[in-house]
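Some structures to go through are shown next.
Shared between the two complexes below is subunit A, which pairs with subunit B and subunit C, respectively.
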Partner chain A sequence: MKLSSDKKARLKWKSLDVLYVLVSILLALVAGGVFILITGNNPLQAYGIMFSKAFSSFGQVLRRATVYILTGLAVSIPIKTGVINMGGEGQVAAGALTAAVLGSAFMLPLGIHPIACMLGAMITGAVLALIPAVFKTRFGSSEVVTGIMVNYLVQYLLQYLSMYTFRGSANSAQTAEVFDSAKIARVGDAQWSYGLFIAIALCFAMHFVMSRTRVGLEMQSAGLNPLAARYQGVNVGRMSMLAMALGGAMAGLGGSLEVLGGRYLYLDTYFASYGFDGIAVSYMAKNNPIMIIITAMFISVLKVGAVALDRQTNVSVHFSTALQGIFIILLVSPYIVQAIVAKLKPKRKAQLTAEE
Partner chain B sequence: MAEPVISMRDVTIRFGSLVANDKVSLDIEKGEIMALLGENGAGKSTLMKILYGLYMRESGEITVDGKAMPRKFSPSDAIGLGIGMVPQHFMLVDSFSVAENIVLGEEQKASRLLLNKEKIFSMVEPLCKEFGIDVSPRQKVENLPLGVKQKIEILKALFRQTKILILDEPTTVLTPQEVDELFKMLRSLQKKGLTVVIITHKMHEVLAVTDRITVMRHGKHIATFNTADTNTQELARTMVGKDVASVHVEQSDAPLGEPSFVIDRVNTPPSEDRCNLKDFCLKLYPGKVVGVAGIDGNGQTELVEVLTGVRRMHSGSITAGGNTITENTTDSMRRLGIGVIPEDRIEQGLVMEFCVRDNIMMGYKGDPRFERHGIFRMKAVDRYVDELVGKYDVRPARRSAVCRYISGGNQQKVVLARELERPALQAVVASQPVRGLDVGAIQFTHQTLLRLRGEDKSILLVSSDLDEIKSLSDYIAVIRDGRIVAFKKADEFSKDEIGLYMSGAIADEGCAV
Partner chain C sequence: MELSTLISSMLRLGTPLLLAALGVLVSAKGGIVNMGMEGNMLFGAFMSVYVTYLTGQPMLGLLASIPAGIIYSLILGAFIIKGRGHQVVCGLGLNFVVIGCTTVLLSVVWNSSGYSTDVPRLPQVKLPFLGQQSISLFITAVLVVAVWFFLEKTNTGLRVRSVGENPAAADSVGVDVVKYQFLAMVIAGALGGLAGAELAVGQMGYFIKQMTASKGFLAYSAVIFAGYNPYAVVLTTMFIGLLDAVQMRAQTMLNIPGQFLLMLPYLVTLLALIFVGDKKKPKAAGKTYVRGSF
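Let's look at the complex of A and B:
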């Protein structure tokens, strides 16, 4: 009896959350429609182009989503611990370069090579993420500001490295292609690789860590109430460093999966905006690792669709970014959506007040 | 009987789904001292805040001096009608003088454009004299005792020609002597024709000073008594809605044995805004409750923080069960077998977004019964948490209930369950363990502490409520300026004497333990 009502309550909350996200998406699409109208296009037609493109090349959607899932995790783990990882942008690119270099510099046995590349990428990401974390716990400086600054450092460093040190092409700033032994197999003839499964598995792993382990409990307590956490003996500083390192590793891994299973090389600026989009992915999922799988897909659909939109109409490819922005504004101003959700369910509300 | 100066009819206000005032009707007569008595959350402050224009009522009528009030009016309208309110937490500007604080906001009475400080002082001086404040109006408020600060708040109201004075929990921060002073002042105000309303949950005080007592419960007006015709039992019953047996310690004359827990010359680093511990000594004994009394801000918080391990001591030692430590980390204190009930369960005690289970598990780090290699053994965890939820009667009886959405009393039960069920528990440090709780939860908390006393645990009770300390303690220690200044058997230590030690009127006896 008790358990079933318990489960019901939880289900109700979950479904409310989903409804919440769905309403936000709908509102964002409506608002985006107004923008499209202003550009002189038919919104319905434009959305039609976007979504049909996204579904006709779903492989591309999945390939991008692989990275988004991991840059999303890169934000959600730290944020649950009370620190904000703004450095995803640098971490994902630096991880990608690391993987490309390790994959093209030498040969390793088939199974081991990609793993070595991924591990290298994760370490790179973790080290980069630790910079703002250490500055925060040691000197109290804002991890947001330091994180963004580190992004710039990394951006130009990577430009230099891909242009000179590891340049593998005569024409552009890119590395050589990784050896076959380092590649992650594509699924059939599709665009996407088995890397997607690694990303999804990590979502479930992170969910497990957060809900079933001591370290997950401590990380979340540090994020939700650092004082109470300290009273229970949690080392809040160490937890934020751990969370940042984990997040950085996720972003680095994301970069490496695109290199090993998609592009096969590192190309300068290729990874631009993947890290920042991770913030949106995590935010839309309310930082829930499982929900991230869905929101990463959604962002990916928008991005892939926007490219088609750009090609076939005069709506710019940046339209997807605008949509994303509107969407996030709606999510951070819960009252707008709450009011609408409440109106959608007038009967239920009346029922509730009657029960009281 | 005099004409009601304030008349409230069917006043209702809601906060979300909570009906904070449910058709409350109340008449306040001219020149009386009335108490609004009720537990925390009974709606008494809310009602008065409506009267003062801070909240807008949903329905109902209010008349002041026969004049009907509109639904929406501001505090300045209320002040204009002669209503003044002294908040629970004083709102004085520390760096201003007494006189400046009193005049603040009404400067035009003293000068038009430029502030004439001399004129302010001369305006305030007679007021101070009249009400027996013996500090100079030129003195800065900063270092004045809380009792004086409160009088300044009252004078602030009087300066605005207040005829109806509302005091919100006026005695919580005062020593017994200061309470007497305050009551004297209120009576002299009454003689001058003022009407006084005291919001409080302390029954003894209202019996001492009021003419009539109105009891509220769950947002409703329950009854109004003439003070002369009622007594504590009746008031308590009306307040709670059922008979309450108060919890008392049966003191024994057996001599104190060996101390089980020794705090020896503990110092904490001095800080600007807080009182540090200075050569703090205290001993606890098995099966005894030691109550620490003192005015808030004399080192109680630091003491609890040191015993929790969140504030490092830089010298001194703590000994329990044969182990002595000089470095107090949360882990080392826990190994000594201390359970801590922190003073602020919302900020320090619980992670409010966590469910009951997670909050309890926070206290069992590394316990092999509940985790293996850092992974929880969920079945064992759930079984254990269910057991505690039953034993401590947490409601709703669900381990997955999120702590933010359960009542304060149940939140405290979660803290108790986590802290007091540790294996090898030696001592309990309870800081303000019943602050803000309803009577049922107060009783439960006190009974739990006494149960542990019966199991020969040592108990340290820190509270700003002297009645609580008096009724629960075997021994009472008075803390002032970061050290213990007196330590006596509870039944030989009168409230007055405690008050004198608290205020420093009786000098320090050194490490008197």
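Let's look at the complex of A and C:
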């Protein structure tokens, strides 16, 4: 097959991108290994436990990945538009509660009920994401700080709602179980539901919207260079609000899919950390919606593996949080990884010439 | 409710915030948006409790938090200044690293998933009217003046500020931008470490998982409200401390669900951001300086 030089160049850049991501993952795993060594465990054994557990219970990986795909999208669309969605945490949980309440409050016909729950969750997520976006465009305050403040407000509000208003169990702060009509079917006897396909379909849809439609390209141009975009007649403020609302809707949907296809109810603090994990998912995928499917799986493997590690050793499940942090910082400071790759390269060239 | 108990708990809740805010302020003046303050505090808190646990000396714990904070801040600085990373995202990422690592180490050292064992606290002083305070209150008071003096009255402080306002101009007259940014990060790290230590060994006397609970971000907001002025930072952080104190008192006195009271500091911070915006921000804060392409 013959490729045009333009395509070749693009392919080269893409493969370089993949190389940097892989090197970053490798570096992070090495750093994590050193940390495990400090805690007095054998790193190889620990990683062995993590990955073997993840593959033996792959259904669980897919179930978690369903939410991670959507929280990843919730970060990547705003990032492409130049805003950071730090409120994923609250949006996921609020979406989950909305879905649980709508699913358990009234009966609806079989096909419509889950859709109504999902729509409700998406609207909740979008509204929550709009708060930091409006603050940013109207008052110029950092969306990171406001996003985190909103997270705390939502966290306490949900705690109250699940403890008093919508409480469905005497023993713990949780809602009633959703009706069967609202449930999304699981695939066979597995842990994961058909919600995964919704999430994957949305990745492709978002990729199409961002790269092939007018509004998507306007959003991207607002992210790449707001000033130039403004001169071209793009309303940057409106685009960042739109992107945040879309992202929030994705996060809310993620929470609702876990309720409708997994847990079947809202449990306080059960939905913690999904939103923050989405940041790592998105950055590892270089904010590319389709790559998010792969990185969501990877983060999910780490998370499921870390739970097993927690049970079998004294390394707690938060080890995966630390690993994700290392991924993030390595991936957003490209010069560090580039410098390492560049150091390796001349050696390889020298080797090759020596072999010849 | 007596005014003096309210003021006393305001001071106790506000001091760690104030130290962290001073750190955020110095790094912002040097042109770096320090979203990693949260992790900086948490790491300082952990190390201070750990050293106190090993030696039984809370003063050593307090001292240990300074190098711990500096190391953390230098790592963040290396990624931002040398690695040219996105400042906000790097800070957030490093927060996750510290949240993860300290929680893992918590279970390794104390074999518990939530709390460490109790360690001795810093010497407490009983003051007239202000109630019981840890001695780090006085250290903080000195540091406020020191930070102001450093930024406004010394040559080095002037250079740090010039790097934050216009790094290209500073570079053109021979100011080493990278050096002064790292210097700002070192100072911020030391202050952030002390903030964590004040929280952990100054007041609580133990370490809890994620004990900083977004205080780093509240500190960042306090700096914005204060218009990047070291003295105004005292007022804004103490105001947030006061809100927290009022909230705690109200929990026991009023019949409002606790969740709504816990929201108070975050809600007020959020609303205040409407009126303040971020206009006084140093011009180059958030952008990484690359010579020739700025």
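Assume the second predicted complex is superposed on the first by the 339 of 356 C-alpha atoms of A that agree within 3 Å, B and C clash if a C-alpha of one lies under 4 Å from a C-alpha of the other, contacts with A are read in each partner's own complex, and residues count from 1 in each chain.
One rule holds in what follows: a contact is a pair of C-beta atoms (placed from the backbone, for glycine too) under 8 Å apart; a residue touches a chain by one contact, two chains touch by 3 or more.
Predicted model, so just to flag it, every value in this text is computed and none were measured.
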item: Overlay on subunit A: subunit C relative to subunit B, clash or fit; value: fit
item: C-alpha centroid angle, subunit C to subunit B via subunit A, nearest 10°; value: 70
item: Which of subunit B and subunit C A:G233 touches, first, second, both or neither; value: first
item: Contacts of A:I329 with subunit B and subunit C, given as first, second, both or neither; value: second
item: Touching partner for A:S282 - first (subunit B), second (subunit C), both, neither; value: neither
item: Which of subunit B and subunit C A:N225 touches, first, second, both or neither; value: first
item: Partner with the higher number of touched subunit A residues, subunit C or subunit B; value: C
item: After superposition on chain A, the shortest CA separation from subunit B to subunit C (Å); value: 8
item: Footprint overlap on subunit A, comparing subunit B with subunit C; value: none
item: Complex contacts: residues of subunit A adjacent to subunit B; value: 2, 6, 10, 212-215, 217, 220-221, 224-225, 227-234, 353, 356
item: Subunit C - residues contacting subunit A, complex; value: 35, 78-80, 82-86, 88-90, 92-101, 103-108, 111, 113, 214, 217, 220-221, 224, 257, 259-260, 262-263, 266-267, 269-270, 273-279
item: Of all residues in subunit A, those that touch subunit C in their complex; value: 35, 39-40, 84, 86, 135, 139-142, 144-146, 148-150, 152-153, 156-157, 159-160, 163-164, 276, 279-280, 283, 314-316, 318-329, 332-336
item: Touching residues on subunit B, where the partner in the complex is subunit A; value: 17, 308-310, 329-331, 334, 340, 342, 347-354, 358, 361-363, 365-366, 371, 374-376, 378, 397-398, 400
